[in-house]
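What follows is a set of structures for review.
You will see two complexes here that share chain A, one where it goes with chain B and one where it goes with chain C.
Moving on, here comes the complex of A and B:
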């Protein structure tokens, strides 16, 4: 697996983790606040692990890869960039679609020839099982809600863009939807302000670590 | 809905009350309980019980209005009885 593919995975997890963490303190109720914040934190943990693998190939380190690149160098899918932190229905629609797509991606990585990749995917998948359980229970609860259904319709082409072309039919099966044209390239409108915030410390104090 | 969560720290140990949480149904309650009481491997098993399913009772349990202190372990003062027995046996000190 080449460094670009690893970065793509890591960027997806980092940006989604960051996006989900925007609900910390304002989630619909206390229990959900704790659970969703925790999910955000584990996504960022997974990002770190993928960055570390990529860093070995690139002769860099995880923090530099996460925070010292320009916004246009991030390889994350447009789905995770969207700022949805004032809309729980869309947030859950993304969460559910992303976890459904990620399950397929992780499943394939577990079978990787590269033992580092396969081992890490295996480890990450054990934590993702909780994310999937959480996403599934919310999907079941909001399924009948018009706002949620509209959000899923809106985000569906983005969700397909998380996966490679070959994997997309599996996602269609998993969530029982027809394949449409995937959105793989974002306009990066939402990513820049996030990047400004995310990289603020590293830009003020180059090489800062914590 | 409020759920009470009981946790078993190690296999075979008694379940002890861990705390309570609010959730719309048992599926959500399970997800939150896993997060709050299981994430750090601090529990071997959890019981998640709707608070409504718990019957709380308070005093008086079984009215006990006559003096039947012989039914209780603290009804016997061993100290006095031991002293009397020693006196009868002619030994005032324990051997």
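Moving on, here comes the complex of A and C:
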């Protein structure tokens, strides 16, 4: 697997982890405050593991790849870039769509010829099972809610953009929706304000580690 | 002369940084020990990838091995940890300190989590319900015991 593909995975998990952490302290109730914070922590842990694999190929390290690139060099999907922290219906719609798409992507990586990639995908998949259960519980609870349905409609083209063209039909089957034109990486740029916050320490104190 | 047995004994005294009643051996994260002269190789698999205790665990294991007069090499294995690897002793220690050990074999499903038998570590009642899939660390969920009205932490099945 080439470094660009690894970075794409890592960037998705890192940025979504940051977006999820924006609910820490302000989620609708305490349990979700804990849940979104914990999901954010594991997504960022997955990002670190993918960055470490990419770093081996690129002769770099995980922190440099995560924090020392320019915002336009990130390869994440537009779905994860969106700031939704004031809107629970859209946040849950993204969570459910992302986890549904990610399950397909991780499932394919488990069959990779590269033993490092397959091993890591296997490990990540077992942790992601809890994210998927959480998303499924919320989807079941909100599926009759008009705001949630509108949010799923709005974010559906973004969700397709998480996957390669070949994998999109699997997502359509998984969530029972028709394929539309996907919003792909590079088509939007909602990342800069988050990037400025996320990289502030590294830019202020080059070489800082924590 | 360091032996594998002495290394296992030393590692059995290293507490888990977040649940200190449990040792790293109880937790099942130490997968193998190989001794080659003064060189000790430990195969290690962390519980969750996002677990901030990973580096602490590695350093504590290395330190114990250095104390035995050997040169440690702690390798993080590709293989994923499973809660099925927590030892019987580990289950007992968890219960004794108010944590419910993982129940049922991995992989967990929502059905199993919502309807399976998850006894309360305080009163042993199985009349408990899921309160939150997520808890204070990635490896724990929160349940509530309807019998003794006590919330408790449930180790996740992974």
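Definition applied: the second predicted complex is superposed on the first by the 205 of 210 C-alpha atoms of A that agree within 3 Å, B and C clash if a C-alpha of one lies under 4 Å from a C-alpha of the other, contacts with A are read in each partner's own complex, and residues count from 1 in each chain.
By our rule, a contact is a pair of C-beta atoms (placed from the backbone, for glycine too) under 8 Å apart; a residue touches a chain by one contact, two chains touch by 3 or more.
Note that the coordinates shown come from a computational prediction; the quantities given were computed from them, not determined experimentally.
Under the clash rule set out above, the superposition-derived model of chain A with chain B and chain C contains a clash between the two partners. Once the two complexes are overlaid on the shared chain, A:29 sits against chain B while remaining clear of chain C.
In the overlay built on the shared chain, the residue A:38 is in contact with chain B and with chain C.
When the two complexes are overlaid, the chain among chain B and chain C that reaches more residues of chain A is C. Within the superposed three-chain model, A:141 lies in touch with chain B and out of touch with chain C [touch as defined at top].
Contacts of A:130 after superposition: both chain B and chain C are touched. Contact with neither chain B nor chain C is seen for A:155 once the two complexes are overlaid on the shared chain. Legend: residue contacts after superposition of the two complexes on their common chain; A:116 is shown touching chain C, with no touch to chain B. In the superposed model, A:93 makes contact with neither chain B nor chain C.
For the superposition on chain A, the stretches of chain B under consideration are 4-12, 58-66 or 76-84; the one running into chain C is 4-12. Residue overlap on chain A between the chain B contacts of one complex and the chain C contacts of the other covers 31, 34-35, 38, 130, 133-134, 137. Residues 29-32, 34-35, 38, 130, 133-134, 137, 140-141 of chain A are the ones touching chain B in the complex.
Chain B meets chain A in the complex at residues 21-24, 27-28, 31-32, 34-36, 39. Contacts from chain C toward chain A in the complex involve residues 48-51, 78-82, 106-110, 113, 131-138, 142, 156, 158.
The touching residues of chain A, counted against chain C in their complex, run 31, 34-35, 37-39, 41-46, 48-49, 115-116, 119-120, 122-124, 126-127, 129-130, 133-134, 136-137.
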